[in-house]
Amino acid sequence: MSSQATSNQATPSTPIVRLENVGKQYGKVVSLKNVTLEIGSNEIVGLIGDNGAGKSTLIKVLTGVEPPSSGTLYVRGQKIDAASYTVKEAHKLRIETVYQDSSLGEKQPLWRNFFVGRPLTNRLGFIDVKAEKRVADQIMRSTIGFRGVGISVDTPVSRLSGGERQGVAIGRAMHFDSDLIVLDEPTVALALKEVQKVLDFIRSIKAGGRSCIYIEHNIHHVHEVCDRLVVMDRGEVALDAPTSSMTYIELTDFLMSLHSRRPAAGASH
Amino acid sequence: MSSQATSNQATPSTPIVRLENVGKQYGKVVSLKNVTLEIGSNEIVGLIGDNGAGKSTLIKVLTGVEPPSSGTLYVRGQKIDAASYTVKEAHKLRIETVYQDSSLGEKQPLWRNFFVGRPLTNRLGFIDVKAEKRVADQIMRSTIGFRGVGISVDTPVSRLSGGERQGVAIGRAMHFDSDLIVLDEPTVALALKEVQKVLDFIRSIKAGGRSCIYIEHNIHHVHEVCDRLVVMDRGEVALDAPTSSMTYIELTDFLMSLHSRRPAAGASH
Amino acid sequence: QEAADSGLTMYFQMGGNPGDTATLARELGAREAARILKVNLIEQHSGWDPQKMLVQASEALAAAPDAIAIMGHPGVAAMTPFLNKAKEEGVVVVLTDTNLPGTGLNYFGADSYGAGRNLADLAVKDGKLKAGDKVLVYGAFIEGAAGAITAKGTVDYLKENGLGVETLQWTQEAVLDPSLSVPVLVAYLESNPDTKAILVPGHGGVTAVLAKVLKDAGKKPGEVTAAGFDISSASIQGVKDGYITAVLDQQPYLQGFYGVLSAVLQKKYGLGNTQMFTSTGSMTKDNVELLEALVKTGIR
Amino acid sequence: MAHADKSAPSNPVAAFFKIEGTAIALVFALLVILFMLTAPRAFLGYRVYMSFMANVPPPMIIALGLTLVVVAGEMDLSFPSVVAFASYVFCILYQDYNWTWLALIAALATGTVMGFINGLVVTKLGIPSLIATLAMLFLWGGLLTVISNGASLAIPQIVGDPIQVVFAGRLGPLPVQFFWALGVAVLVWMILNRHRFGESLLFIGDSLKVAKVVGIPIEREKIKLFTLMGLLSAFAGVLLTLETTTYFAQAGMGYLLIVVAAVFIGGTSIFGGSGKIVGTVFGSLIVAIIEAGLVASGVAGFWTRFYIGLVFIVSVTMNAAIEDPDKVPLLKDLRARVKRY
Amino acid sequence: MAHADKSAPSNPVAAFFKIEGTAIALVFALLVILFMLTAPRAFLGYRVYMSFMANVPPPMIIALGLTLVVVAGEMDLSFPSVVAFASYVFCILYQDYNWTWLALIAALATGTVMGFINGLVVTKLGIPSLIATLAMLFLWGGLLTVISNGASLAIPQIVGDPIQVVFAGRLGPLPVQFFWALGVAVLVWMILNRHRFGESLLFIGDSLKVAKVVGIPIEREKIKLFTLMGLLSAFAGVLLTLETTTYFAQAGMGYLLIVVAAVFIGGTSIFGGSGKIVGTVFGSLIVAIIEAGLVASGVAGFWTRFYIGLVFIVSVTMNAAIEDPDKVPLLKDLRARVKRY
């Protein structure tokens, strides 16, 4: 089904990441099936599809949260050893992610959540708390959403509203400037103005010559900012095409028609 | 600031719920300030506002999750004792809620999550597991989103995708047919088609003569299905008006202008 | 010669935990006898829990051995059903450490009650205590607990002789880690400066820290009489330094050794109804040097 | 929507071991077989098993109660004192006042009230249950020594009394109390898996926030939970007394580590939100059999504790590995590596 | 965006008790004052305090380590055996081979290796740490008996040796080991609150899922954690040996409940994700002082244990109430009711 079955290692700039026949199985459940996909440099790829289509799973495999059950992963042309590939490794390879499920420590203050995994430390590993707080405060006030007096960088995450949490996660991604930024439904729970900021951020990624994978159910937004669209359906890539090849209406129709074209295989269980 | 300062107990049909000067404070943080609001019978009220405006807090007070710090709560004209008001109480008063933070037990199977708090039991309190599974399965397949073979009613919630979880929460609200249904960002994480189903559901609430509070950041959706709009800003009600009194554009402009009109009070802390 | 080729199987209740101070010598004695007499020795440990002693006795019986050595902590009433069954099945039962009066079983151990009295007697004589002097007895006063009978003996003797007795129940934690009792006893001595003696009926570890207690409480050697049980390296030092007046010894090695021996003799030749108090001796300044060597080997 | 993989072999053996308790039952069976080989004299006879069946019920019943407590994300360390208290009340009323069934009721009531008070301390004072019940262990234990003056009691005359026959008699060679314990196990299983109370516990243990939001009366359910735990501990205390016909002041203290071990060897997660009743039943049996088995196998005295530890670790690991090899990271790594090369 | 309420009185007393450890320090101070009143002879003198300072360090150091373990949502019950093992290694090397500083290093290394192995068992076999370390408690304990042949050792000759002076000597009347314990407390505080390792532990205890997703090497950090716990337990064992100049086979076993109590009285949550180092320091002191205080106050024999339980409950409740009265549901209800009527 994937439209990119042939390898294109011949292209001048090697893609940032490349998945080759990646499958992921949880026990009996197959979440990804033979996915081949690559993200080139300086492109914004929209990843869309039904609930449970496997989008988040794909991201998890890509960023080292879950090992794939089969297939291979390349980052900048280098084959990655699945056994030793972790989120830390992905960070080193300059891949930054905002996950769909909360990735914030509920009981920890905001500033820790901002820098966890990559704290500002001295040579002995002691954290420069002041610097971390300062930077976190700056980002939170200047970019995503905290203007009020109720919240400070010392507030534990459990006390934040849904949107405020999402703001922290995105602020983090904005700060650690990376080559590939993966956003899994980043605008969820955000108010109008903040959503605009996220879209602006995505545009700035493009402008900065970096790449982004953007997962979103709001087709409108996707169509607005993405260069390329990848539609997932039941663990497979159903479409992989440049945004310019489809109008918003065509895309919507394609998505709506997906299941009538491909009836659910064997609902009996 | 609230446009409903005067009591309107004189109206022929008593409102389903009425908040009077309700305040809510978490330590030093004031999340709600003197909120007076009522929800009449058979109306769909859209609750909008910035991140951290206090929408979810309002819902929590209304549905017995958190006691208010001050003010009074009436359900169908009856004053409610804050000390003994709980979610169970709210259920009895026929108020049903989909909360913004997950309200699903991660390790529990889907069918338990569906009926928890209100299981189908015999006189001794033993649960009719078969009946619960059957009903849960039916709802999940016929209304919100499970068509695949990967998931059954025995699947624990921790294995569901983000959208699938939201589906369970909404399915639950659909099943326990109540007089007032409160939806706190119900379309979050849902795919295109499922969002439509939620909007249809809200319309069916109206058609069925019941009421609904609908919190949503997508102004488009709110404007589409709501009878009345309530805008919250920093814990207060900034606007309470019928939808018909404002166009979509006017509403957006109003929201955008909120903060320039009311500069953040004392950012120093 | 015949007895040496016994080939008997014997379950043996050793008491606390494998290798702990109050248990070790009994284990070594029993093993030594088992080696000589070719007995298949099976060791049980109860952590001094009378409940567990009962359970283990019934488990031992279930395995149908030739002989079983038990301890008397659970008391006659609780042990009777077991004893009856053992008799029915012709299993030899031997008692060590704590007696079950009236059962007529082979018994090897101290006369616990008498040993307690003995301790008090030694303390009174060596410490030159007079009627009216305040004496602290730090021990077990809960029936069925290890050392309870001994403690009773000590208290009774002191009362009979008109001394002022104060009792202090030791905690489970202090029994395991005697250093925990140091601040408690120091606090007691500070609060009761008129205390003339501290007696510890039945615990080697606590006896061993007595010197430390007195030092921490600012007492000079001999200022407060201290006496206890079970010779150990530390209590030897205490005696040498003059802090500890006397240490009684139960010679549990003998309990183990004779326990096995008597079982063999009874099984083979029907020689029963032996009762033996394994020691009435004590360690004082006079014989401390002599005992020191033996202690290091774990035999005393 | 995900697919069920048609090609994945739906292994019937693997499926069998997904049934609650089958894996741990296998571990137990292997252990028994091992001891049959190493200590045939004891383990090929039936009497050793009768001895277990007589002595396992009290700790097993407590462990069943504790499983529910752990499911709710709580702990109870006060049970030894409750066991002793109930045992004392039963003994003294039987001995001094000739009560029989009433003594039983009084003992159970005592435990129930103690559990209820534990529940109040945990919920009303908001003290975490681990430290609260540790404190109550001391408090109740101290109170009991004061009341009983540290004395032990013996009631040998109770043998043959109907109450003793019903609760601790013998059906042929079979100790009746074992059937009571199994009865409690069935009941507790039903409560956890089929009753609304059990469902409340599952959600409370899963997440307090969720439990609150779905309308579970958390405080009340927790009080009920500790009360039930008190009742079960008291019942265990009475069974213990009926079997040994004695009350010891330290009764129950020896159960502390054993019961905790039984629950967790049974596979119940310490993090709450799920519990394995069948696992606890076999966990109790495993804990009981290990020491006796090692001793009977002639393991030299000093080594016993070492092997107990080892068998614990092997049992828990095997239980997990039989259910799903991927639960054991070592095996998972190995499998992944084998697959790769 | 929420407002900070201008009218809310920013109570300086309340603010003071929000500082880590002030509330529990107050509880401790109240306890000392109480005992000064009930047992003036003992508690107005300095000797009792010197005795505490000499004997508290070992359990306090273990409790500090255990606090880190609990922060990470884990448990370690194997420390008594590690204490004993280190104590044995130190004693035997000192006595038989005349090692001094090397004996110290060997003892610490032993504990470190034991902790490392505990960590491997927990992470590689995936056994929940509570049951894994309970098993290791037996396993290590058994191994030690085998190796030591059960003997106890005494090294009175060590008094005056530089190593004894440095670790367990007296500065005037002040026991040096207390300063070592305080040093460890500072170090552990720094690790937890200022070091990246501590941050990892906080997130691991908060949510394993989150820890994984933010790139914390969970397995490695856990192994480091148990290794550190082993090292600290071993250090405690050496201090104990230097103070008592003896080794007993059961050394450390008495610390099991005490150390657990100290950590939780200190206010560290059993649910992981946060820990109070200062709380643990005072928790250890409170646990140590209670019994001595009661005994010196002349509390009659069997009541001691009852009061220990009671003081535990009162301390924990007071600690919570001083920090924030709303943490105690009973007080919260009362306040709400008073407000209403």
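First chain written, first letter: the chains are A, B, C, D and E, and each begins at residue 1.
Just so it is clear, contacts are C-beta pairs under 8 Å (C-beta built on N, C-alpha and C of every residue); 3 or more make two chains touch, one makes a residue touch a chain.
If you want to know which protein each chain is, UniProt gives these names: A, B = Simple sugar transport system ATP-binding protein; D, E = Simple sugar transport system permease protein.
Please read these numbers as outputs of a predicted model, since none were measured by experiment.
Asks: Stepping chain to touching chain, what's the minimum from chain A to chain C?
Replies: 2
Asks: Determine the set of chains touching chain B that also touch chain E.
Replies: Chains touching both chain B and chain E: A, D.
Asks: On a CA-centroid basis, which chain has its centre farthest from chain A's?
Replies: Taking each chain's C-alpha mean as its centre, the farthest from chain A is C.
Asks: Would you say C-E or A-D is joined by more C-beta pairs in contact?
Replies: By the number of C-beta pairs in contact, the winner is C-E.
Asks: From the C-alpha centres, identify the chain that is farthest from chain E.
Replies: Most remote chain from chain E, centroid-wise, comes out as B.
Asks: Can you give the whole-Å distance between the Cα centres of chain A and chain E?
Replies: 43
Asks: How many angstrom lie between the centres of chain B and chain C, each centre taken as the mean Cα position?
Replies: Going by mean C-alpha positions, chain B sits 71 Å from chain C.
Asks: With centres defined as the mean C-alpha position, give me the chain D-chain E separation in Å.
Replies: Chain D and chain E have C-alpha centres separated by 29 Å.
Asks: For chain C versus chain D, what separation do you get between their C-alpha means, in angstrom?
Replies: 33
Asks: Do you know which chain D residues sit against two or more other chains?
Replies: Residue numbers touching two or more other chains: 1-4, 145, 150, 302, 304-305.
Asks: Going by the contact rule already set, what residues in chain A reach two or more other chains?
Replies: Chain A, residues with two or more chain partners: 28-31, 50-53, 101, 147-151, 234, 264-266, 269.
Asks: Among the residues of chain C, which ones contact at least 2 other chains?
Replies: 17-19, 27, 141, 169, 172
Asks: Using the contact rule from the top, write out all pairs of chains that touch.
Replies: Here the touching chain pairs work out to A-B, A-D, A-E, B-D, B-E, C-D, C-E, D-E.
Asks: Could you pull out which chain B residues touch chain E in their complex?
Replies: Its residues touching chain E are 25, 28-31, 33, 50-54, 67, 83, 234-235, 264-266, 269.
Asks: Per the contact definition, I'd like the list of chain D residues that touch chain E in the complex.
Replies: 73, 75, 121, 123-128, 130-132, 134-143, 145-146, 149-150, 219, 257, 260-261, 264-265, 269-270, 302-310, 312-313, 316-317, 320, 327-330
Asks: Looking at the complex, which residues from chain D come into contact with chain B?
Replies: 1-4, 190, 194-197, 199, 202-203, 206-207, 209-217, 273-274
Asks: Can you list the residues on chain D that touch chain C in the complex?
Replies: Going by the criterion above, the answer is residues 39, 41-42, 45, 47-48, 50-51, 54-55, 145, 150-152, 154-156, 159, 240, 244-246, 248-254, 292, 295-296, 298, 300-302, 304-305.
Asks: Would you mind writing out the residues of chain B in touch with chain D in their complex?
Replies: It comes out as residues 65, 86-88, 90-91, 99, 101-108, 112, 116-119, 121, 124-127, 129, 146-151.
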